[in-house]
Amino acid sequence: MSVDQATVRRIAHLARIAVSDEEVPHLQNELNAMLAFVEELSAVDVEGVEPMTSVIPMKMVWRKDAVTDHAGASTVVGNAPVSEDHFFTVPKVVE
Amino acid sequence: MNAAAKPSKLIKGATGDWEIVIGMEIHAQVTSQSKLFSGASTEFGGDPNDHVSLVDAAMPGMLPVINEECIKQAVRTGLGLKAQINLRSTFDRKNYFYPDLPQGYQISQFKSPIVGEGVVIVDVTPTEQITVGVERLHLEQDAGKSLHDQSPTDSFVDLNRSGVALMEIVSKPDMHSADEAKAYVSKLRTILRYLGTCDGNMEQGSLRADVNVSVRRPGEPLGTRCEIKNVNSIRFIGQAIEVEARRQIGIIEDGGKIDQETRLFDPGRGETRSMRSKEEAHDYRYFPDPDLLPLEFDQTFVDDLARGLPELPDEKKARFMRDYGLPAYDAGVLVMERASADFYEEIAKGRDAKAAANWVINELFGRLNKEGLDITASPVSAAQLGAIVDLIGEGTISGKIAKDLFEIVWMERGADPRALVEERGMKQVTDTGAIEAAVDEIIAANPDKVEQAKAKPTMLGWFVGQVMKQTGGKANPQSVNDLLKRKLGI
Amino acid sequence: MTDVTRLTLAEARDALQSKKLSATELTQAHLSAIEKARALNAYIVETPDQALAMAKASDEKLAKGQGGPLEGIPLGIKDLYATKGVHTQSCSHILDGFKPAYESTVTSQLWRDGAVMLGKLNMDEFAMGSSNETSYYGPVASPWLPKGRDGAWARQQLAGDKKGLLVPGGSSGGSAAAVAAHLCLGATASDTGGSIRQPAAFTGTVGIKPTYGRCSRWGMVAFASSLDQAGPIARTVRDCAIMLRSMAGHDPKDATSIDAPVPNYEESLGRSIKGKKIGIPKEYRVEGMSAEIEKLWSDGIAFLKAAGAEIVDISLPHTKTALPAYYIVAPAEASSNLARYDGVRYGLRVPGKDISDMYEKTRRAGFGSEVRRRIMIGTYVLSAGYYDAYYVRAQKIRTLIKRDFELAYAQGIDAILTPATPSAAFGIGEKGSADPVEMYLNDVFTVTVNMAGLPGIAVPAGLSADGLPLGLQLIGRPFDEETLFSIAGVIEEAAGRTVLPQAWW
């Protein structure tokens, strides 16, 4: 399989990464090189094989239901590039 | 689910009849102390970003660890919905960008949910029941909250809700009217409250409905549906369905086509409108969350939870009808809330169960409704109301006096009804001598009425009223009746 | 004592315990060495004040005889470990200015045991790379010099764009270079597809990737969650064993962390390997394998035979599918793990006309080209219509890869011996600029181990024709790191410890 330029743009948008017009052909080549590299997998017989869900068999640990974590609002927003009154702020979202 | 449409459910368009098809996704907040994957508090409210752990804020390197109580609550709920419990389920990531979704993905159960198919028996009216299928129930994280009205240029993001456990309960498209949909949500909420797995508080957003609405000509295949997001009251669910169905019928009858889209109900304007922000081509790129192993437990775990379940409303209703001889309507009303049912049972035990039901439903519920009070905040306790029912049963007070007594007990919290009757001389007069004196007095004072009564026996009521007035309502109505009939010769 | 930075971690520990050396003295010596080696670009942040304060505290403990197993040992920390209040960016611009309010489990266990933090080490951005050239902070120069080059030439290159100098490997390039250049006694590293073992092999150092679940991932900036594992790089097998004991252990904050006791790995050194069955997988004899790698491998076989091990030819038929499958699974997980870098809660933010524009500009500016490429491919393979063909298939292939190993171990194989890398270190700027896949091939021998969640250790075993270090890899049974340490110790002893370069920088 290979990607066309429209797909490159669609994927870039899904991933929220800006791409300029000039970058698109280059990215297209790189992605196609990677896809060509993984192409050989389509020849592997995977009939009846379960996809891996956990590489080491173990039982998932469950937490007790208790309030054990309270970072505090100033810590939570402490690294924010912009914040106001302990809220994170972002360009206005229209719903 | 292509049973023939019931004619009563059809709605009239300009060009003929239409059937509405409704399916619902209910997001019910799991009752738990801490969040699904973090130890932060689930408490409602709080200062912005205060009930947030570093996991909820998706700080680099933070990892989710599942809360066992949320697993139990989902299983309990599944059992309450008579649903398939899956001993192995998995968590998937639903990837999309949104400012109140800090990880850039929601941890949900897409491919294998913890609970599979189940059913909800819904009482649409006291006499009409429908069965709504449950497609699945899965656990997932709630998102944070964005406030859009704090500034002209910015949205404000608060992550206090981020990571709170939700159960998404997906129904089958088994509902065909706003009333059915409302009754379904109401019944589901009752079940969740009985189970104690969700508080069902719609104002606080503990229970939210996404309503899928489509219309079709009776017998035709399903039409294109629109999803009305996040409707937050049962009344609005009904309104949203009505207006959305009307909108769709209008479009189709005008030769148009319905676009599958997400819409928002605006209760102020009484209309639904397209949510453009959600309309971008979605590609959620679901895949199993590699930070979490599959969720596995054994049947013993499920059985233990099943043993701990309370009696659920349907079973309770059946038992009330069977053991207390109540009509379906009364039993249905009483079991709507577990607290009401318990209240009722406390009164009904060892008493006239039907009388107890009347008092609870008519007097108590009526009064509570008027005051906007919950049964748990009732000023009249079950013991007090029981005493009132006893006093009537023994013939100590009349039904009419009982109502006055109820009012006094309501106002003077904690008062003992029996003592009140004693103190305030509210006892029914059964002494025939005293009643006879009053009867004689009335007859003597109203010779014209006596004549009339002989010709028209329905006048008896007037005499009864006079006697009751004379005795301050305390006379035994049966004795008054008997005496009057005898003395008037009718 | 002359130059205490030449000590091994174990030697320094013993000197500290016997009070022949103070932690302050040892730390100061390393801080001075780091200062002189800045041009190598191994450390991106130095924390001398913190280091000296920690050393002072260690000296007090040592004086009272209360020192922990790593008391007073100066270490370098890969930038992907969250260190409280200290620069933690996984060497990405997108985490610009990020200082976490928390300490990773692995580093907190090192501090618990008395270790001293010297600073944060360079790495490929988000651990995506095999040469440390994708770092936002620029490449790291290996202390090893290309054949025929002298210190004067090398210093000139260091002052310029470093072209022609050697890469230390990646992604833990800063860790490997710092250890090889004696800028710490050991370093934390992490391995998703070979990022501990390949740089260790390139720099003549020892690196172990433990079994998946052995070390907590909590507080490590995630790359690919199902593959990432913490581990140490140090100058000897013993030093790695000492460090891993402190780094490993169950963490209730990581649902994929195993609840099992941590052995005293150091005790496995010197254990006889007589009768151990060593598997030699034929599929690792790849087409076009250089003669020097062939020789290295047969030398390794000879060392183990001489120590009484039994050599068994085995087959791991799905070996060649591991690398392409990895380049589906790892980018897919990464595309999701890196979605949180959106300019809202921390790090870089580039303003935009609306929220989407802000996201796109921030992520364009914040991620380097390799990271953007992997996010793109990961997004693609998860997207509608491609998920089954790529991601699900790759996860099925992972099951097959793991099954290959299980069958080998079921035959009684104790460990598997392979080369660690297909070649010795290459020059900065030499690979991958035209075709990203060229760089990926570096991990061809290591990546299978991550795909199967197994432990793997890289140990220096000889030099290339150009005089550069070459490493062998041992792959173990799940949670049997002890056997790996025993066998690696035998190779280390037989090959003779690699003589690391003298400071030319």
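Every chain is named by a letter (A, B and C) in the order it is written, and numbering of its residues begins at 1.
One rule holds for everything that comes next: a contact is a pair of C-beta atoms (placed from the backbone, for glycine too) under 8 Å apart; a residue touches a chain by one contact, two chains touch by 3 or more.
Computed from a prediction, not measured in an experiment: that's the story for all the values here.
Set against the Cα centre of chain A, the chain with the most distant centre is B. When each chain is reduced to the mean of its CA atoms, the one lying nearest the mean of all protein CA atoms is A. Centroid to centroid, with C-alpha atoms defining each point, chain A and chain C lie 23 Å apart. Centroids built from CA atoms put chain B at 41 Å from chain A. Chain geometry summary: the mean Cα position of chain B and that of chain C are 58 Å apart.
In chain B, the residues touching two or more other chains are 54, 57, 65-66, 97, 99, 155, 157, 283, 285, 292-293. Chain C has residues 98, 100-101, 226, 252, 255-256, 335, 339, 342, 344-346, 355-356, 359, 379, 383 in contact with two or more other chains. The set of chain A residues touching two or more other chains comprises 14, 16, 53-54, 58, 60-61, 63, 71, 75-77, 88, 90-93.
Chain contact summary for the complex, chain B toward chain A: residues 32-34, 38-41, 47-55, 57, 65-71, 90, 97-99, 146-148, 150-159, 264, 275-278, 283, 285, 288, 292-296. Of all residues in chain A, only 14, 16, 53-54, 58-73, 75-77, 84-95 touch chain B in the complex they form. Against chain A, in their complex, chain C makes its touches with residues 97-101, 211-213, 226, 252, 255-259, 318, 320-321, 324-325, 327-328, 335, 339, 342-349, 351-361, 363-364, 367, 372-373, 375-377, 379-380, 383, 386, 389-390, 392-400, 402, 435-437, 440, 451-453, 478. Against chain C, in their complex, chain B makes its touches with residues 54, 57-66, 93, 95, 97, 99, 102-105, 155, 157, 283, 285-287, 290-293. Against chain C, the residues of chain A that register as touching in their complex are 1, 3, 7-8, 11-19, 27, 30-31, 33-35, 37-42, 44, 46, 49-56, 58, 60-61, 63, 71, 75-82, 88, 90-93.
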